[in-house]
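Here it is, the structure in full.
Each chain gets a letter, A, B, C, D and E, in the order it is written, and its residues are counted from 1.
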Amino acid sequence: MDFFTLTLIKAGIVAAILLTTLAYLQWAERKLLAHIQLRLGPSRVGPHGLLQPLADVIKLLTKEDLLPAHVNKTLYMIAPFLAIALALIPISVVPFGPEIEVFGVNTHLQLTDLNIGLLFILAISSVGVYSVVLAGWASNNKYALLGSLRSAAQMISYELPLAVALASALLMANTLSLREIADSQAGYYLGFIPRWSVFQLPMPQIISFAVFLIAGFAETNRIPFDLPEAETELVAGFHTEYSSMKFASFFMAEYANIITMTCIATLLFLGGWHPLWPAAYGSSFVPSIVFFSGSAIALYHGLHPARPKDRYSLPAVAIAFLVAGLLFLVPALGGILTPLFWFAAKSGFLLFLFIWVRGTLPRFRYDQLMRFAWTYLFPVAMANLLVTGVLVAVFA
Amino acid sequence: MSEPDLSSSSLTPAEEPTEGSTSRRRMVLNMGPQHPSTHGVLRIILELEGETILNATPDIGYLHTGIEKECEVKTYQQVVPLTDRVDYLANLSNNLGYSLAVEKLLQLEIPPKAQWMRVLLVELTRINSHLVWLGTHAMDIGAMTVFLYCFREREDLLRIFEMFSGQRMMTSYIRVGGLALEPPRGWEQAVGKFIDAFPSKLAEYEDLLTKNPIWMNRTKGVGFLALEDLLDCGVTGPMIRAAGMKWDIRKDEPYSSYDKFDFEIPTREASDVYARYEVRLEEMRQSVRIIRQAMDGMPEGAWVTSAPNVVLPEREKMKTQIEALIYHFKIVTEGFTVPAGEAYVCIESPRGELGYYVVSNGTSKPHRVFMRTPSFANLQALPDMVKGRLIADTIAALGSIDFVLGDVDR
Amino acid sequence: MLPEILREIPVARALESWDPSAIVDGATALGEAVLYIAPEKIRDVCRQLRTEHGFARLGGITGVDWYPASPRFEIVYFLHSIGNNERLRLKCRVAEGQELDSVTGVWRAANWYEREIYDLFGITFRGHPDLRRIMLPEDWEGHPLRKDYPVHGHRYSYKDE
Amino acid sequence: MDLILFLIFAIFAVACAINLVIQRHPINSALSLIGVMGALAVLYLLLGGEFIAAAQMIVYAGAIMVLFVFVIMLLNAGAERRSSKSLLVRLLGVPLLGAFFAVLGYTVHRLLPAVDPVRFGEFTGGSPGEFGRVLFTRYLLPFEVTSALILIAILGAVVLARKEID
Amino acid sequence: MMSSVPLSWYLILSAILFGLGIAGFLFRKNLITVFMSIELMLNAVNLSFVAFSYHLKQVDGHIFTFFVMVVAAAEAAVGLAIILTVFKNRSTLEVDEVDSMKL
């Protein structure tokens, strides 16, 4: 098939899935957070609030787009655009699975494979700080300015430990192509311990994984590092003056960044789409089992509904899960879907972590945040890099 | 409060220093009157260098409703609903303080059951107020979940208040002479259920905060003010107990038969935000203890005093006896008269010393009601707490003062 | 001129011996002691009470308007000694237009209370560091807690609107 | 394809550079400079410099320029004052500059020996692997010297920007 | 061949950018803008390095570019620190006004 056509099809699929995930990640966050806090979360729009993202989008689109009088207009308009663009670009080099064959066409489950894929992501994300800085500056508002100053300092500071943590994982993978990085983690020690980066010899990258996650929290401005938009201090930080879709784009950018971050973590540290244990021990049946048990649970609750409307919604969910589980058992599809399942499961777990932490921790103070980056995170990441380097040099 | 620099604390909003002046790097930030963490309409004029606060000037009065003036045109009993609106998170404490002052002027004897009921309700109010404080304070520092946990328990409390008075917040349940209504059927079960469950809920909050390193980083050593300064600023309540002063009006000048209850006064030495947090949490535990004692030893008897010229007669009597009807008519139309004189009564509200100074000129309306509200005095200590610290510390310090703007502005 | 009834209060006796002209009157009612202080002496009396008699706390200051009596105002100081567990009320009778010494130098707590009285009663305190309106807007006319201030029918619009 | 990409990004770079020079407010100039750097990164990619293109974005656009923007925001530096220039300068400045560039371009074009035009993908020596190999063998000494320089620069910056101890 | 670009075009672009850098350096008065003009000149030179590197099919030009970047980073750190200090002492960024050696 023609390269352009193929890329266009893949781009369409990725964009559709990514944007849906963005919308539903927000729904999932609200729902999960609500359950952590012993409340229900969105439940009015659609069954279990499933249409809430749609309602939000409609609401935000139809809201009046305010342009405050005192802003620097050009930069004020550019900033949210920049934010969403720079947040969506990196996903183009992320591989979601191995090479597959669909309708006789061999292709990678990836938009494009750059041999400097990781550098590309770093390059794009390092520019991402401008959207925040410009938004704060252009708003001509003191809270926004303070927020963006904080943000600039924070993102630069945490980029260092982040990059160093990546470097130690790269030392073992010995490539910058994300697909090759994931492939370097295939296989198992003793037949069952996965050779993921976090377990890989000579130096398991657990420490750099932790550093990467913490710095990732900071890079994406999530609690406990959400100082640029710390609402109780700076009202809403850099996007205080934004409304309507411009405001929404900052939020979408934040969630897109989180998704990118979890994808990189999965690829670099958790072995990408490689299952937790070998297919010989039945790992390829895991997705079906998961979906079937989900289906059974939904069916059980549908038969004993807590609320009247669950009588219909939960069996519907059960049927959907059943179909999904059966799809994995179809030989032609199973080969494609199983790696995707593992990739999504690992990223999903990390996303859950992001939400969980938000429900648990308070916020750092600005100076504590900077001190944490420079006096704990960075030295730890450096030491880990050194040890990894020595061990790789000795054993390789 | 130290002597403010008049030249720099100008009230014009967000005045930009003039170009080329040496103070060009100083930024004036208007925190409030609409700001997520000023809990109402408080405005703090912050002078910043970077994020360091050079000077903080609170500007109050945005919620000034002239309650003290309004009291002068209401009859004595009509003032009670106004006191609800002073400190709207601890309205029963305000009801009690005012009622005690008027009762002192009238020299009324309150039956034991009413007194014990009052203690119970006021302690429930203390828990209620502290829950709102803990929730919003934790929310300010970013711990969102604690906020919702606290409001879950507060909801139970508001239901109990509704059960007693028919109102969730503006209860007006404690009146001059006793209580407004007979305690409802089943209040023992409702209150009992709450205080049985509450200690485990407190433990839940503590799990999320007390040993949390981020929480400790944010609160320990923040908002410190030495005991002498606190006394000098007129600060009372949990804040002064967190500085090591073991002083609680419930113990030192017992009112409403608090002397018959057994409880501890928690104190800490550190005088920072964390110490205030610990003191208030411990106070909630002590309140549970007091409530349990009040429930176990609740005396039998009348819930309102027998003073026909002050307290409305029973419905049945009013319909059958002419004296009762006359009293009812007189109290409803013109209120009861209070002998000329003045009385100052202070009680320990959740925020500190809550004093009511009532001056009577012998008519049925007070000549002057002065509310010595704790938040007003406590807020004066804010500038000294935050000078030289960061913006984020202001948020923590503000939360630790636990002021209510209605209480500040009246 | 210490009234007989105050002889039993040690603080009153001590003040009397320190400056006989400071106390002009006094009363105890309902178990609360009230001393009427000569307005020009109030700051010295407060300082004396704080340093010598342990009244470390100023509970508050307020005013009472006895319109149309003369002198019209009473300024009431609520003093408290935590150490002795003792409360004392000082009063100054002030005529309209008469100034009073500020006690902010004695207790910092007096700052806002005096501003409040300045705002709501219109009594000026000499030596106050920052005597501005506290509750009402700066350009408000009149002093609402005065008895001759109308309760109804007042209109106000913010100047900069 | 090469030509189109080159033209797009070359014109973009020049436009940004001109904007840098004529803008009065430093923040606009800084953003223009970031535009120039982004365009140059793409041109590096066209010339086979994969690593250097990424480094351009990470180091130049992502770190150095953030520092600039940060300082501009911190100082809240206002727009430059307009200076009074003579009429001659105003009228002739821009055409003269254009003419100068034309002459310059012609000279460069003429002086350069006829070589093969640039074709994308012909030179792959700029990949990170190749780059690293040369950097850490042939250029090891300069590399170490540069790291010492960076260290000294950090110390210098800290000393300069530190608050006065009073 | 229509779709390829002569090497000289890269060099001309580099020259133009360099010239604009000089123009900015000479005409601008704001210290920070002057500083940024210098960065623009460095970038222009980098482009020539990379272009020559392509011509010679050697990676050395890239390495030179890399060193230039590192030096530029060091320069920016120190330079901006100096600008901060100048602004702190004189509260201006105009080149013309920063003309005395001492305050």
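Operating definition for what follows: contacts are C-beta pairs under 8 Å (C-beta built on N, C-alpha and C of every residue); 3 or more make two chains touch, one makes a residue touch a chain.
Source: prediction; values computed, not measured.
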Shared touching partners of chain B and chain C are none
The chain whose C-alpha centroid lies farthest from that of chain D is chain C
Ranking chain pairs by contacts puts first D-E
Per the C-alpha centroid definition, the whole-Å distance linking chain B and chain E comes out as 63
Rounded to the nearest Å, the gap separating the Cα centres of chain C and chain E is 70
Check: chain D positions touching at least 2 other chains come out as 51, 63, 74
Residue set of chain C touching chain B in the complex reads 29-30, 32, 34, 56-60, 62, 64-65, 76, 78, 82, 85, 87, 89, 107-109, 111-112, 120, 129-130, 132-138, 144-145, 147, 149, 151
Interface with chain B, chain A side, in the complex: residues 33, 36-39, 142-143, 146, 150, 223-224, 226-227, 230-235, 358-368
The answer for chain E against chain D in the complex is residues 1-13, 15-17, 19-21, 23-24, 27-30, 32-33, 35-37, 39-40, 43, 46-47, 50-51, 53-55, 57-60, 62-63, 65-67, 69-78, 80-85, 87, 93-94
Residue positions on chain D within touch of chain A in the complex are 27, 31, 34, 38, 41, 50-51, 53-54, 57-58, 61-63, 66, 69-70, 73-74, 127-128
Residue set of chain B touching chain A in the complex reads 14, 27, 29-30, 35-37, 51, 138-145, 148-149, 152, 208-209, 212, 214-215, 217-218, 390-393, 395
